[in-house]
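I've put the structures underneath this note.
Consider the two complexes below, in which subunit A is the common component and subunit B and subunit C are the respective partners.
Coming up: the complex of A and B.
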């Protein structure tokens, strides 16, 4: 980068042509500190993804043939099948509940809306943990059945496609619900009236009007769930589903074959991009917006005699998604406390989790704000490049990010391999895109006139950034920080692959104890994570306005 | 009768009357306008006719069939077309899909119908556009075409012109009136704009606080408002307090005025006079005098505001269609009043 770029515009040397200098916009230069911070973070975030692709290109022809002939077809079928099944089931549950809460006279719907946030705090691998500890071979269910003399075969298997689909759907449907519910509530009832006035019944109106109009929200929610299933590592490995993430992990841990792992990772990246492309395509060119002035409250659907069947379905969903997981965690925690599970080891894992989450979240939010500032206030070539690089890990499964860092440290700085520093940087890179999002939306809410007023009051660009923007976006920053904190607290695959020897976190312990059947040892940690997650979810929702 | 409303009331929160005891008969092919300020109950009445709201008491009959009251027919069974305020076009459908929305199946007849509507509304060029890609007037036409697509018996329009600028508004009034007349549909539209009502309606129903104030032809409403509220709403009458003396003499602050038209029985001593601009004549031999307060050119004539003499401030308006010999502001002016054009209201 040319040092001249930082000199004030107007000194002929920079403005020899009309071309916009990448680091200045409207004659306002990006402060040096912010430029360095954002471009550094961008490069660091970009390298791992690049390393995976580079390493995959090193694979021999024979290796590609072998993988494509043996592993890839099964993985494709399993991964895509699971993704489609989970997305469909989650979408049905979510739309049903969103409709009940926003459009009907269901009793206690406000309470229901509140409860439906809880599954978000139960990551799928904890849900899986709960179900394995209930109906898995070593779980509580078979024990009870045996003691009662009932045949154990009647218990459905958790280690099945159906089991995995159900557990993942029950843990992920809130992603869709939380997008569809506000869309339904904000949707003017007038459109449904148009449907009625054109001669359609309530049921037809739901299919012809309501559902198409919430399609953007539904599509975005389904994309989140689909991406989640593609990236999920903990739940699928615990439930013994053979998908891409598990296969990549096996190649790394079992065979130490980084190139083969990279080839599989490349295939997974391709599937991820296909999914994103598909969703973009589905959106089409129609623009969704609301007529500001003409909002009318939608007429409440009177459930009448449907009240009790609907109530039964809602209670079943709540039982399966909140009741059973929480119940199992509480039960095994109680058992664990009795057995002395809350030993110094446990507190050590908890300490590791919290400290690494605090450090990583802080290390994420600082460059994220710098990049968000460049994005929103200095749009140009520089910002596009930095933002593009910083978002390279967007939608990348944690396993792939970890793989990238393994490749990177091996190549460039082997001394760092297996240290806490790589792990922290990997956390930051993994959660950078969503923190940038939080930063973008926070800064966009600050009127640029305030900065101009700050400039006229005598502050430099950097001065305005620290004295005007930062104080104004503090709530948004806190939300972004909490989001990254929540991410790290629940993080499993990156931790498993990059942690220093002996550095166990709560997710790692839950994963190990579940596979070994020591549920009472895993449950207290899982419960603690759920509590911490609930805490950060309240932080996030309270600070988003 | 195409539409009959019998003793319709709509009560909210068990005490607030949005609509109070409305009785109305609308004959087939008529264009009727509900006119009034916001909160007068006009939109509620329209929604009761459409079936989006139920009357608390009273009955609605459409084409002789009772649809609300003792019976209940849901909106989709009423054969009604509706143009919504701000049009409510589906943002995910293009123009032709919006128009064809109410046509459940694709048949040669429905395709013919859509083609006919496109021609009728002049939208042939825009079929593939999305609502956000067309202008307000065009959105209005799409909305009208969608309302007509499923061949309703009755057309309802909720504030159809409220979102258009003045120029577009005038042309859309003509356009909508032309299309309604072509289809011959019984139509009701709701507006708070007197000009909309005068230009489009065959009959105007003026409402206030849920009650009908006056029903009449546009010119009746324009020249003969029946009470002070309607006169004030027309925004062209100077309203002046007076006391009645004898049979037809009204004592006002600035003189005695003789009145021929009393809009109701003589019920009290105090009376309000409604003096329209055409009742005032600048005349050197006139009986009244005042001072020129303001002069506005309103297009092909001047509107002169005269501050009358007397203790309280009363302002009369007079129109003057020449540009020569105009008075100047502050000047004393002598004028006369044409008692045949002045109205007296007791309420």
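Coming up: the complex of A and C.
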């Protein structure tokens, strides 16, 4: 750092108020390589979203009228309806379980807490695959019913709004649970005591005291689930729901019509932003403070006669969200091995999946660390611009990111269309925001004094970055890498739209085999993905803080 | 200065990535090795057909000619998109599609090379383009399949236009309208019956809550399992479902005088313009029209041979039913208009 770097920023600005910007630019002491890497990644991440909006603005008036008259109303109702229903059901399941684990004398609640991470490794389209293979018309359920002579009509339809709601909720509730459970555990019991002393029953305390206090965590969790439902492609298309993502895919693949796809994508982006806005508004001004000294452990609710009914509910949830999906995957995998499903093709898909995830995760973490470093150590105009651009794909559905890249390659480098390069870059852009967050929190834990010591020892800024920061944040890097790896391994819509011809990955095969009814061909790949996901979740949780 | 190492680091990453990717790119290109009798060139085939349905034919071709074939399989639309984007620098030599519309669409964009082969010229004009740029190698008919446990013979529909009858509410399955065969079907209806009729048909199906499933395999399985009573499919899907032991049967609709007949389509092939291996490509197209290859298509997938005298496998022969009077070349030229109409109606 040069001398100016040690001056209080305020003084410099007062003195040269008309030259603030160029001065602060000059003062930036970012190593050239890192500056180029982070700004390059930022621009690359920002362009697809910009391309989609630009392309949508090219739509003719007639096209807008046609889409608004025919498709958009149906898509709005279906997409928003599903989003609300899934969020509500997931929230109910999650709050119930979080309460049971953190506030009651439920036996085996530690084990329960551990098991509840597993659904995170089962992406909704794999959950859908499992349920289609069980109660879908070509699945195991109807066959068993028929052989027993029971009427097949009693099996609920998996291809329905209710079916989609249930499957998506069962796969996404851990997002809410993992936020609400710590909030409940950390909350002081004082407030609830106050409620009780005012004469509230346990039930009233829950509604009037406990629930309002976890509202921020609950809201954040619901936002995650809501965003997930908006962006989901695999599960909704498998379950035959007509939502925005499926409609965009149709415009691209069947119609060769990128503009109409962009218009629909724009509508979806608008819904996404509305949801984020709505959540922030809801959170609003409410702030909750808790002083360290005032913490007391909450009173444990004794379940008493409710013990067995509660246990029945918990077991049902576990069965539906973990037991049945895993059971079906194991069953069909066993059938598949018998039928020779583990052929060279299968290993080819697995190889494609793993290699592209390894390369893409590596390609994600390198710019992510550069951006995180700029974020935490060189805060300023440059860092906010780069960070803003790099995060512009956050909350964007995969279908929209893929559409952006199709438009981008078409515009600037058609040679790259349908090559692995576009796919890898798109993966990196899609999972960049998560990796940056992992990088941010890792670098923030490194005391700046260590860097100063490194500088005093004669290293350049870049030297300190490599010799001090990188070795210290290695576990955080590993967690960020694993996050991106996990994302790519499960990725479906970007792969479908951008892959080179014939480059099938495990998710692509699962998606195809589920609709064509060849469950024994899809199950081994789905199971392998769940195992790889569990592996990366372990990596992430072990290396975080 | 350590920061100078960043470009180096990047280069190293990119380099290792390239090697890895080159490796995994190849893993799916499935080069079909053959006995190397004589080395007479290479051939890159873009195929929109399912791999098991084309690989035996390619293996026969390699055995017969010694040409080494690289097969890239994918969706026909995806491959057509790739050929369009590759433009003047094609990476493939031959394009095999399961729909005449896709082929003609490419020919219209000047992306297929005319073919003067006599064998191609021997195929009826109905099933190829005038300049031989693409030629049908097997025929497929658009039929209605039904579940025999659920539908009595007396109540069977005799025309696709009866599917909009409220009596079939929620009982009909079709493929999603991104499917080339359904688009071809709609073009045929537009031609035979006019725009209004085609529009009404689609609207009627939607009002009747017909289900548009992801693909024809899903449709045939849904009819086979009794989820739907009727399904509109290419004829071989009926045969495939029948082979799986399901209680299904087939109707060749609109056969009466004054009715439009069964819309036809073909799976066909063409030489990509500017292809590096033009000679092998021409050889391959001729090979597809040999009785030996034609028999394989019939045997593997119940398709209707376009060459006279090659026997069908269970399916009806081309001459045995009434077909919609549409030149297949028109299917491609009309692709845009049909898509506009489909979009206007809002078919899923």
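The rule we apply is simple: the second predicted complex is superposed on the first by the 512 of 545 C-alpha atoms of A that agree within 3 Å, B and C clash if a C-alpha of one lies under 4 Å from a C-alpha of the other, contacts with A are read in each partner's own complex, and residues count from 1 in each chain.
The criterion applied here is as follows: a contact is a pair of C-beta atoms (placed from the backbone, for glycine too) under 8 Å apart; a residue touches a chain by one contact, two chains touch by 3 or more.
Note that the structure is predicted; figures quoted are calculated from it, not measured.
With both structures placed on the common chain, the touch criterion links A:506 to neither subunit B nor subunit C. Look at A:355: by the touch rule set out above, it reaches subunit C but stays clear of subunit B. Once the two complexes are overlaid on the shared chain, A:215 sits against subunit B while remaining clear of subunit C. Partner contacting the larger number of subunit A residues, of subunit B and subunit C: C. By the touch criterion defined above, A:194 lies against subunit B but remains apart from subunit C after alignment on the C-alpha atoms of chain A. In the superposition on chain A, A:299 contacts subunit B only, with no contact to subunit C. Contacts of subunit A with subunit B, set against its contacts with subunit C after fitting on chain A, share not one residue.
Within the complex, the subunit A residues that touch subunit B are 188, 190-191, 193-201, 208-209, 212-213, 215, 284-289, 291, 293-294, 299.
Interface residues of subunit A, counted against subunit C in their complex, comprise 31-34, 36-37, 66, 69-71, 74, 137-138, 142, 152, 237, 240, 242, 250, 253-257, 260, 348, 351-352, 355-356, 358-359, 362-363, 366, 410, 414-415, 417-418, 420-421, 424, 459-463, 466, 500-504, 515-517.
Every residue of subunit B that touches subunit A in the complex is listed here, in rising order: 50-52, 74-77, 79-82, 84-88, 90-94, 101-102, 104, 130, 132, 146-147, 149-150, 156, 163. Across the complex, subunit C meets subunit A through its residues 1-7, 10, 13, 17, 20-21, 23-25, 27-29, 46, 72-75, 77-79, 81-82, 85-87, 89, 176-179, 183, 211, 213-215, 217-218, 221-222, 224-227, 339, 343-346, 348.
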